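Shared chain: chain A. Partners: chain B in the first complex, chain C in the second.
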Partner chain A sequence: MKNRKIWFALPALIISVSVVLIPAIMTIVTSFTDFNGLDLNLYFIGLQNFREIFTDKVFIKALGNNIRWSIIYMSVPVSISLLVAYLLCKLERGRNVFQVIFLIPYVLAAVTNAIIWMNAIYSPVSGLLSVFRSAGVNIPSPLSSVSGALYGVAIVDIWHYWGFLMVVFLAAFRQTPYDQVEAALVEGCGGVSLFRYVYFPNILPTFKLMFAMVAIFSFQSFDYIKLMTDGGPARATEMLSTYSYRFAFNMFQFGKAASVAMVMCLFGLFASVIYVSMSSSEEYT
Partner chain B sequence: MKSKKRKGYSLFSVTVLALFSFTALAPIALVLLNSTKKSADIVRNPLALPNTIRVANYIDAWNSAKMANGFKNSIILTGLTVVIVVIASTLAGYALSDRQTKTANGIKLYFMIAMTVPIQLFLFPLYSILSQLNLISNYFAIAFVLTAINMPLAVFLMRTYFLNIPKSIEEAGRIDGASTVSMFTRLMLPIVSPGMITVATIVWLYTWNEFLLTSTFMQGQDNFTVTLSYRALNNTSPDYGLLMAGAIIIIVPIIMFFIIIQRYFIEGLVSGSVKG
Partner chain C sequence: MKKVLALGLIITLALTVLLSGCQTQTDTSTQTQEGGGNSGGRTKLAMWFWGCSDAYQKALNENLAGRYNAMQDQYELVIEYRETVDNDISVAIAANSGPDVVYGSGPAWVANYAKSGKLESLAPYVEEYGWRDKLMSPLYEACTVDGELYSIPISLNTVGLYYSKSVLEENDWAVPTTIDELYTVMDEAQAKGMYAALAGNKGWRANNEVYTTLFLNHFAGPEVVYRCLTGEQKWNTPDVQNAVRTSADWYKKGYLGGNDYTNISAGEAMALLASGKSPFVISSSQFFQFANEYFNDEAGNTDDLGFAPFPGTDKAQYPTFSIGTVATFSVNASTSHKDEAAKILNIMISKDFMTDMTIAWPGYWGVPLREMNIDMSRMSGLSLAYSELLTTMNKTVNAGNFAYFVQTFFPSATYEHTNDIDTVWEGVASPEEFLSDMDIKFQKDLDANLVPPIPKVK
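Moving on, here comes the complex of A and B:
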C-alpha cells in the first residue's frame, strides 16, 4: 500500500529520462565516435576527439573565456545582490516595490534584453553611446572590441540576473532570528559588523548553495553570448557552450560537440563535488 | 549621536537602491521613449523627447515581425509545457514527499543531476532523434522537451509543498480507509494548489523566455515564438523605431503578467533556493 505512492513519480521520470538521460548517454557514447549527426553507422575513434580539442587553440581560448566569465559571475552579481538584499532587509517600507523593480530584467526574455542593449545602449548609431558623438567623441560599441566584448556581454547578463540572487538572499536574511539581532545591537554592533557576525552567518547555508549554483550555471552561459556576439569578435567571447553548438550545427561534427559538452559537465561536476563536500563537512562540526 | 548614525546609513542605502532601480529600468525606459520616434530622429539623438508620436511604429513592428503568429505559437508552446509540468511535478512531488526511502532518494539525486547538467549534454542526440522522427517544429514534441528541462525544479518545489502538509492529515485519511489515489485527489490537491500556481507561473515565464532549445527546435518563420520573430525582425529591419516598438510589444505583457503573479513567482524563486 505504502509502496504504491512512489509510482506517482513515474510520469515525471519518463519525461526526464527520455529527453535528458537517454540522449545524455548517447552524447557520452558519441564523444568517442566521429558521428556527424546523420550517418548512424558509428565509428569509434577512442579519445581522438578529446586529444583534438585539447590541442585546438579555439577550445583553449573558449575554456579561458569560460573561466574569466565564471570569475566575474562569482564576484560581481554575488556582491551586488548581497549588498542590496542587506539594505532591503533593513528597509521598513517599500521592500516589495524594490523587489519587483529589480526582478523585471530577470523576467524578460534574453532575446529582448540582448537586442534592447545592443540597439538602445551599445549601438554607436542608435544607442546611448551615440550621444557622445555629437560632443565629438566617438565611442565604439564594446561588443565590437576584442578586449571589451566579454565585459560588454557580461554587463547585460548580470543586469538581467542579479535580481534573482538578491531576492533569494533577501528571503534568507529575513529569517535571521530577531533576538540575535537585538542582542548584537545591545552589544553595540552596527552596520558592517552586524552583517558580518549576525546576518551573514545566518544565511551561510543559502549563500553556499547559491554560490555553487552560480559557479555551475555560469559555466554553461549561452543565451546572451549567442545573441549579442555569437562568440566574436575574433573568438573573444567564444565559450564552451557556443563552441560545442557550433561544432554540432555549423560543422556537423557531433562527436566533437559531444566531447566539448562533456568537458563542460566535468566542470559542473567539480563545482558540485566541492559544494557537497563543503556542506557535508559542516554537518559534522 | 545614535540617530545621526542611523540617518547617514539610510542616506547611503537610499542612494544605492535608487541607483540600482534606475539601472534596472533605464534601458527599458529608453526603448519606450524611442518607440514612437522616426528612425532618423533616434539616430540624431536617442535621449530627445519625441516630437511626433508615431503609432505606426507599433503597427509596422506587429505586422512585419508576424507577431500575431508569434504570440499564438508562444502561447501554445508555453501552455502545453505548463500543463504537462504542473501535472507531472505534482504527482512526483507527492511521491517524493514520503519518508526517505532508497528509491525516493535515488530519484531525488537523479533530478538534482538532471537540473545541473548543461543542455549541450543532451541537445545534439536529441536533435538527431527528433529530426529522424520528423518532429522538429512540432508543438507537442518541443513542449515535451521544454517540459523535461523544467521538471527538476518543479518537482523539488512541489515536494516542499507536500512536505509542509502535516502528517496527521494523511494519517487521518488512511484511518478513514481512503485509497492512495483518492487521498491524493481529495485531501492533498486542495492543500497544495497554491504550490501548483507557483510552479505554473515560474514555468510559464521560463518557457516563454527560453532561447537555446526553442531557437534550435522551432524552425522557419511560421513556427517562431514571439521572441524568435522579434529576433528575426532585428536581423532584417533597418528601422530603429520599429525595433524599439517591437520590443515594447513583447515586454509590456510580460511585465504586466509578472506584476500580477509576483507573489507566487517570488515565493517559487525563494523556496527553490533558500536552505534551512
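Moving on, here comes the complex of A and C:
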C-alpha cells in the first residue's frame, strides 16, 4: 500500500527534479565558475565570486534593502490583511463585494499595477502628484528620493499583495467553530479579546504558512523594483534579485549572478526551515 | 485494472508536460516558434525587435520587410515585436537559436556575443556590399571585433538640447551656443518657476548614459575620454573627477529635471516641454521618436520643437557631437540563411531606407551613412528637424570632430557602472570613489579585450 502511494507522487517528483532540482544544481555549480552565459569556455574559480560580492558595496546595499523589504512585508501587509479579514468576517452583508474589490490589484499584472502608480499617482505630469502640485502643495516624488524610493515601491507591491493575504485569512477566520465564538461572546469578550483568544489561535496554522510564504517571497521581489526604479535612484532600491539579473544579462557574468542567487536561496531556505520546524512542533488532535 | 489505467494516464500526462518543453533547435529559420518556417512556399526569416507603437511597426514592416520580400520570391522576412526583446535574444542566441537577423543594443553588447561565436562575421559582406565606404568611419570601426565587422550601426545618436521655440521667444532667450549662455537661461527659467531643463530616467534607468556621456565629453573633453578608453590614462584623474563633480552640481541645482529626475520619462519630458514648463530637454537625439505625440499638427506646434548641439565648453568646442548608435543588427551564426540575412542588413544601409524611415519615424533610423544628401523636400515637421541634425552631424563627424557616446564605445561592465553616476549625484559616493570603481571594472574589460576599437578625434 505504501509503495502505491509513492507512484502518485511520481509526476510531481519528476517535474520538481527536472524543473527545480537540476537548474538548482547547475546554479550552485555555476556560482563557482566564471561562466559568461554564452559559451562553455568556463573555468572553476573557487570562492572568488563569493569573495568579490561580499566586498561589493552594492551587494551589501542590496542585502540591506532585502532585509528591510522583508521586515516591511512581514509586518505591513500581514497586519492590514489580518485586520481587514477580521472586520469582513464580522460583516454580514457586502462581504463578497469587498473581497472582490480588495483582490483586484492582485489579479492585475505587475506591469499594469506599476504603470497605474507611475503614471496615475506618482507622475508629475499626469498623476495625483501633479494635481497636488498644481494646487500649490509641493509633494516630492517618493521615487526620486534615495531615502524614500524603497518605500515608494513597497507601497505599490503591498497594495498588490495584501488582498490575496486578506482572502486567505478571511477563509481561515470563517472556519472558526462558531460555538467557541458564541461562548466567548457570552463570557463578555470584546473585539480585541475575541480576536486574540478565539479567532487567531484557530487560524494559527494558516497564519504560520502565509507568514513563511511572505518571508520567502519577500526575498525574491523583483518585478516592481525592475519596473519602477530598476534599482535606482543611486542603487537605493537595488535588491539581490535585480543585482543578480544585472550581472547575468547586462554584464555577462553568470557565475557572479549565480553566487548572488545562492545568497537569496539561503534566506529562503532559512525561512522554510523555520516554518517546517514550527509546523512539526504542532500537536494534531 | 482501473488503478493501472489511472496510473498510466497520470504518467502519460506528466511526460507530455515535460516533453512539450523540449525541442531540438538546429535551423533557426525553419522553426515557427522562432518566427521561421515555411509559408506559402517561402522560407521565413525572423527578426526580433522591441515593442514599438503600431505606427512605427507599420513603417518598419513596409520599409524593411516589404522591401526585402518584394525583391525576391524565395524568402519572407517576418519581424516580431517583443517587449522583452533584449532578454529573449540573449537567451535564444546563447542556446544557438533565435532570429536570423539579430537586433542588438550596441557594439559593446555585440562584442560579447561575437567573441563567443554566436554572431557571424560580416567580413565577406563588407567586401560584397562596400559597407566600409558607405558607413561613417568612427561607427564602422566601433562595430568591429578583432578587426572584423560583426554588426552594422543603424541609428546615429547624440546628446543635445531640445528647445521650445515659443518659450525661448516669449522670454527673449536665444539658443545657447556657450555654456555660460546656457547657465544664464537655465537660471532665469528656474527663477520664473520653470524647470531649468528637463531630464529623467523614469522607466529606463539606463538613460543615465546620456548624462554620463554629456559630462565626460563636454567637461573632461573628448581627448581625455579617448585616452581613458585606450588605457593611456586612468578614469580617476582630476579632469574626469571635475567632470563628474560638475554633473553632481548640476543635479543638486536642479538643472536635470529639478527634483523629478527619476520621475520623468522620455514622453513626459516632451509633454512638459510642449506645455511650456521648461525651455529645454537635455537628452539624446533618439527622443525625437517620442516627440510627435506632443509636437504635431493636431496640437498646432509641429514646428515649435528645435534641437541644438550642446553648447561649447572650455573642453569641447561648439559644435561637438558625442556620437553613438542606438542599436545594431547582426547575423546569427546559427542561421543557415546568412547571405539572405546580410541582404536585409544591406537594405538598411541605404539612403532610401533611411529617408523613408525618417519620414515615418524620426529619431531612430538615422543610419550613419558617410554621404547623407537627404532630400529635404520630402521632410517636414519633426522629420525635417531630425534630418537637419543628421546633416550637420554628418559634416562635423566626417571632418573628424566628434566625441564618444558611452553606450557605444564603453565595454559592457564599464558601461553598466557609468549608470551609477547617480550615486555621486545623491551623495552616496564621491567622484573619486565612483571613478576608482570604474577603473577597476574598465581594467577587467580591457584585459578581456572587450573594449571596442576607439577612433581618434582629429
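The working rule: the second predicted complex is superposed on the first by the 262 of 285 C-alpha atoms of A that agree within 3 Å, B and C clash if a C-alpha of one lies under 4 Å from a C-alpha of the other, contacts with A are read in each partner's own complex, and residues count from 1 in each chain.
Throughout what follows, a residue touches a chain if its C-beta (ideal position, glycine included) is under 8 Å from a C-beta of that chain, and two chains touch if they have at least 3 such contacts.
What you see is a predicted model, and the numbers here were worked out from it, not measured in a lab.
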Combined model on chain A where chain B meets chain C, clash or fit: clash
Which of chain B and chain C A:G163 touches, first, second, both or neither: first
Touching partner for A:I15 - first (chain B), second (chain C), both, neither: both
Touched partner set for A:A171, first chain B, second chain C, both or neither: first
Which of chain B and chain C A:W7 touches, first, second, both or neither: both
Partner chain in contact with A:Y122 - chain B first, chain C second, else both or neither: second
Per-residue contact with chain A, leading partner among chain C and chain B: B
Which of chain B and chain C A:T112 touches, first, second, both or neither: first
Which of chain B and chain C A:P140 touches, first, second, both or neither: second
Against chain B, colliding segment of chain C, chosen among 78-86, 204-212 or 312-320: 78-86
On chain A, the residue positions that both chain B and chain C contact, one per complex: 4, 7-8, 10-11, 15, 18, 37-38, 125-126, 249
Interfacial residue positions of chain B with respect to chain A in the complex: 5, 9, 13, 16-17, 20-21, 23-25, 27-28, 30-31, 34, 39, 42-43, 45-47, 84, 87-89, 91-92, 94-96, 98, 101, 103-104, 107, 110-111, 114, 116-129, 144-145, 147-149, 151-152, 155, 180, 184, 205, 208-209, 211-212, 216, 227-228, 230-231, 234, 240, 243-244, 247, 250-251, 254-255, 258-259, 262, 265-266, 269-270, 273-276
In the complex, chain C residues that touch chain A: 3, 7, 10-11, 13-14, 17-18, 86-87, 90, 94, 112-113, 116-118, 201-206, 259-264, 268, 271-272, 412-413, 416, 420, 422-423, 425-426, 428
Chain A residues touching chain C - in the complex, by the definition given at the top: 4, 7-8, 10-11, 14-15, 18, 36-39, 41, 58, 118, 122-126, 129, 140-141, 143-144, 146, 149, 229-236, 246, 249-253
Chain A - residues contacting chain B, complex: 1-2, 4-13, 15-16, 18-24, 26-27, 30, 37-38, 80, 83-84, 87-88, 90-91, 98-105, 107-112, 115-117, 119-121, 125-128, 130-131, 134, 159, 163-164, 167-168, 171-172, 175, 190-191, 205-206, 208-210, 213, 216-217, 219-220, 222-223, 226-227, 240-241, 244-245, 248-249, 254, 257-258, 260-262, 264-265, 268, 272
